[in-house]
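Two complexes, one shared chain (chain A), two partners (chain B, chain C).
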Partner chain A sequence: MRRYLKMYRAYAKQYYLGQLQYKFATYSWLVGKILEPLIYLILWREIAVQNHGQVNGMTTNDVIAYYIILMVVNQFTFTDLIWKFSAYVNSGEFSSNLLLPAHPIHKDIAENIGYKLFSLPVILAAAIITSFYFHVAYDFTFSQILLFIPVLMAAFLFRFLFEWTISLSSFWFINMKGISSLYYILILFFSGRVVPLSMFPEQLQTLVEYLPFRYMVSYPIEILVSPGSTIPMGGVVNMAVWIIIIVFILNLFYKTSVKRFMGEGI
Partner chain B sequence: MIEAQRLKRVYKVAVRDKGIKAAFKSLFQAKYTSVEAVKGIGFSIARGEIVALLGPNGAGKTTTLKMLAGLVHPSEGELAVNGFKPFKRDRSFLKSISLLMGNRKRLNWNLPVVDSFELYKELYDIPEQEYQSFLDELIELMDVAEIIQRPVRNLSLGQRMKCEIILSLLHKPQVLFLDEPTIGLDNIAQKNIRNFIKEYNKRYNATVIITSHNMDDIESLCKRVLIINRGELVYDGDMKRLTDLVSNEKRIVITCKDNPINMEQYGTVQSMEDGRIELLIERDRAVEIIPAIMTNPWVQDIDITNIPLTEIIERVYTYGLSYEPK
Partner chain C sequence: MDLIKVLKSIVGINLLNELQYKGDFFIQFISVLLDFVLAILTVDIMFSQISALNQWNKVDILVLVGMYRIFVGIINVFTIPSLSALPGSVISGDFDYVLLTPVDSQFFTSMKEVRAWKLSDVILGLIFIIYIYATNELSFSLSNLIGALLMLICGGIIVACFYSIIASLSFWFNDVSNLLIIIPQCFEWAGKWPVTIFPGFLRILFTFLIPVGVAITLPTQALLNSINSSDVALTVGFCLLLILLSRIIWKMGVKRYSGASS
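Entry: the complex of A and B
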C-alpha cells in the first residue's frame, strides 16, 4: 500500500509540474469547461423563470444549483484518456509503460489525479463565484453530503475504468476517432451534461437508469439536487453493478489486448 | 540466465490489392496473411555475457528483443529470462531488466532530468540512500552533473542519451537490453557510452543484449554474436570464429605510380583506378605475398587491413556462412 501511495504521489507530482509548464493551454481549456455548464445554466434558468419558476419538477434554484454542481462533478470525474491512449499505443510510448514494474493503469490514474489537483481549484473558484452571482441557495442535509462524497469518488473511478476499457480498443483499431466521437456524444447527452436526466421523457429516463453514463456525472448531482428532495438510493446498486462489470471486462480485455500487442514504435 | 527454445512469433497482417475497388472490397472481405517474424530460434545466454543480436532490417531481431523484454508474446516456444517467463511481466522480472531504446525517450520532456530520476526511484522502490549513492556514481561516470537540473528539452541528443542510460540503470538491472544505444551520437559520446556499458557489465556482472547497426558498438563490446536473418538464427558464436568463417582474407590497398601488370597472381583485384589498387589476399599467405608486392618498384604506399566487421556481417546477411571471395 505504501509503495502504491509513493508511486501515485510521484506520478501525480510529475504531471502537476508538467501542467505548470503549459499553464495557458490548461487554463484556456478550463474556460471551455466552465462555459459549457454556464451556458446551459443561463438557458434553463430562463426557461424555468418563464415557466413560473418550475421546469419538470425542478425549481429555478434547483436548475442553477444543478449546473453549478455539474461544473465541479464533471471536472472531478473527467478524463481525456481515449485519444491520449491511442497516441501512446501508436507511437510506442505504451511499450515503455509496459516495462515499468506496475500495471500501466496506475500511471494514468495518478496523472489524472495530478491534473485534477491543478484544475479543480480553478473550477471550484468558478463555481463559488457563479453561486454568489446567481444567489443560489444550497439546502443539502448532512446525510446527502455523506452519501455524495463516496458516490463522487465511485463516479470518478467508474468513469476512469470505463474510458480506460474503451481506450484498450487502440490495440485493435489504429484510428480511434470514430469510437471516441461516438462515446463523447453518448456521454454528453446521457450523463446529464446538457439536460438534467429528470427532464428526459419517461421511457428515456428508464433507459438511462440502466446505461452507464448516468453514474459518471448525473448521479452524484442527483444526490444533492433532485426534484422533490428524495435521494435516489437505487442508483447506488446500479452503480456498484456497473463497477463490477467494468472491472471484469477491463481485466479480460486488457489481457487479450496486450497479448495482441506488437510493441509498435520500437 | 536467458534460455530460448523454438521461439516463434507470427504476425497477422492485413493485405489488399491496389485501387479503390480493392479498398472497398476489403471493407467486407478483409484478407490477412501470416508473417513469421521469428521462426523457431533457440539460444542460451549466461550471466555477465555481452551478446550482439544482429540482422538486417526486418530480420526479426527487434521482435526477438521485444519477446525477451516481455513486450511481445511468443506465438510458440519456451522462453525464460532470469527464471521468469517475460510475457507474464512479473514485477520482480520487470525490476531485474531494462530496455533502452535509442530512438525512444522516457525522460519527461518538460521537466529537469533529475525529476525523472526521482520518479523512477519511487517506481522501482529504491531506498533513498542506495538511490543517492548510485545516482552520484552514475552522474560521475557519465559526466552529467552540470546538466541534470536542466529541462530535458534543452539538452543535446548526446546529453539526453547519457541521461536515458542513467534512468535505465537506476534500479541496477541484471539484464540490459540495448536497442541502438548510440544512434545519432557523435564519436566521443559513442565511445563514452560504450565504455560505460563495459564498466557496468564488469562491475555488476550484468547480462547485456545489444542490437545495433553501428559495428563499432559491436566490435568494442561483444565477444559473442547472434545473427538473425529472415527470422532464422544463422549464426551463434564467437566473433572471431565468425570472422574466420567468412573472411579468410586481408585487404591491401596499394598506391602506385605506374600501371602494374599481373596483379591477379597475388589475389583478387577488387578495383584498380588512378594508381590505386584494392586487392584481397588469403590471410594465411599474407606474410609471403606482402613482401613480394613490396619488392615491385612501382609501389609507393601499401595499406593492410582486416575485412571490416560491417562487411563481414553484410556477407553473412547476403550469402550466409558459405561466402566465397570472388
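Entry: the complex of A and C
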C-alpha cells in the first residue's frame, strides 16, 4: 500500500511539473473546457428566458447552475487516455509501462491526478466567475453535498476505467481516429453535456439510465441540481453495477490485448 | 499550370495512404450519421418549448447544422491536416524540404496533406440540407444558391488564411500546435449555432478572432433568406484583407526560419 502511495505521488508530481513547464499549451486547452459548457449555458438560458423562465421542468437558475457545475464535474472526470494510449502503443513507448512493478493503469491514474491538480483550480476559478456573471443562486443542502462528493469520486473512477478499457483497442487497431470520434459523439450527447438528460424524451430517459455515459458526468450534477428537488437515488445502484462490470471487462480485455503488443524501437 | 500538376499528385498519394484504413473510414462515416441524428434530436428538444430562437426557427437551425458539416468537411480536406503539420516541421527542420521545392512554399504547406475522404462530410451535409428542404417544402431561388456558395467560398478562404496566420506563428514561437488543435474544436462548439445568439464578447470572439460566424452562419442566412449587399461587400473585403495579411506574415515568418537539422 505504501509502495503504491509513493508511486502515485511521484507520477502525479512529475506530471504536474510537466504541465507547469508548458503553461501556454495547457492553458489554451483549458479555454475549450470552459467554452463548451459556456456555449450550452447561453443557449439553454436563452431558451428558458424566452419560455417564461423555465424549460422542460428546469428553471433558468437550474439551467445556469447545471452548466456551471458541469464545467467542474466534466473536468474532474476527464481523461485523454484514448489519444495518449494509442500514441504510446504505436510508438512502442508502452514497453516501459509494462516494465513497472505494478499494473500499468496505476501510472495513468497518477498522471491524470497530476493533471487535475494543475487544471482544476483554473476551471474552478472560471466557474466562480461565471457564477457571479450570471447571478446564479445555488440552493443545495448539506446532505446533497454529502452525497455528491462520493458520487463524483466514483464517476471519476468509472469514466477512467471505461476509457482505459476502450483505449485497449489500440492493441488491435493502428488508427483509433474512428473509434475515438464515435466515442466522443456518444459521450458528448448521452452524458448530458448538450442537453440535460432530464429534458430527454421519455423513452430515451429510460435508455440513458442504463447506458454508462450518465454516470460519467450527468449523475453527480443531478444530485445537486435536481428539477422537482427529489434527489435521484436510484442511479447509485446502476452506477455500482456498471463499475463492477467494467472492472471485470477491463481485466479480461487487458489480458487478451496486451499479448498482442509488440514493442518497437529503443 | 505546374500547381495543378503538383496538386494532382498530392491528391493521388494521400488517397492511397488513406485507403489503408478502410475500417476507420467506415466508423467515421457512421459517426457523422449519428451526429446528424443527435443534432436533429437536440433541435427537437430545444424547439419543443419555443418557436424561434432570435429569429431562427427549427428548420433554419437544421439547415445550419448541415452547413456546419459541409464547412467542416471543406476545411478538413486541405487546410487543417496540412497546416497542422507546420509547427512540427519547423521544430524538426523538415521545413527545409518545403523550401527546396520549386513550388510556392505557402501554397505547398497549405495543400501538402489531402484527406479526400473528408469530402464525404460535404456530401452528407448537402444531402442533409436537401432532405430538410424537401421534407419542409422550402423553396429557394438561384440567387440564394449563388449567395450561399459565394459566402461559403469566402468563409473557407477566411478560415484558411486565419489558420495559416496562426500556423505561421510557429516561426516565432516554440510550439503553437495546441492552438491549431483548439481552433477547429471551437468550430465544433460554436459553429452549430447561429452566431447571433451569443452575447457581446463571445459574438466578437466568434466573428473576428475565430471566424465561425462568417464561415457558417452567413452562408446559411444567404441560403435561407437573402443577404444584403453590404454584408457581401464586407465579407469579400475581409477575405481579401486576410489573404494579404496571411501572405505578409508568411513571408516574414519564412525569413526568420533557420533550418534546425543537418
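Going forward, the second predicted complex is superposed on the first by the 263 of 266 C-alpha atoms of A that agree within 3 Å, B and C clash if a C-alpha of one lies under 4 Å from a C-alpha of the other, contacts with A are read in each partner's own complex, and residues count from 1 in each chain.
In this section, contacts are C-beta pairs under 8 Å (C-beta built on N, C-alpha and C of every residue); 3 or more make two chains touch, one makes a residue touch a chain.
Please read all numbers here as calculations on a predicted model, not as lab measurements.
In the overlay built on the shared chain, the residue A:R9 is in contact with chain B alone; chain C does not reach it.
When the two complexes are overlaid on their common chain A, residue A:Q21 makes contact with chain B while staying clear of chain C.
When chain A is checked against chain B and against chain C, the one touching more of its residues turns out to be C. In the superposed model, A:H135 lies in contact with neither chain B nor chain C.
Once the two complexes are overlaid on the shared chain, A:S95 sits against chain B while remaining clear of chain C.
Overlap of the chain B and chain C interfaces on chain A comprises residues 22.
Note for the complex: chain A touches chain B at residues 3, 6-7, 9-11, 14, 17-18, 21-22, 92-93, 95-96, 98-102, 258-259, 261-263, 265-266.
Per the touch definition, chain B reaches chain A in the complex via residues 11, 62-63, 66, 69-73, 87, 89, 91, 94-95, 97-99, 101, 103-104, 106, 108, 110-111, 115-116, 118-119, 121-125, 179.
Chain C meets chain A in the complex at residues 21, 23-28, 30-31, 34-35, 38, 41-42, 45-46, 48-50, 53-54, 175, 178-179, 182, 185-186, 189-190, 193, 197-199, 202. Listed in rising order, the residues of chain A touching chain C in the complex are 22, 24-25, 28-29, 31-32, 35-36, 38-39, 42-43, 46-47, 50-51, 55-56, 173-175, 177-179, 181-182, 185-186, 189, 194-195, 199-201, 204.
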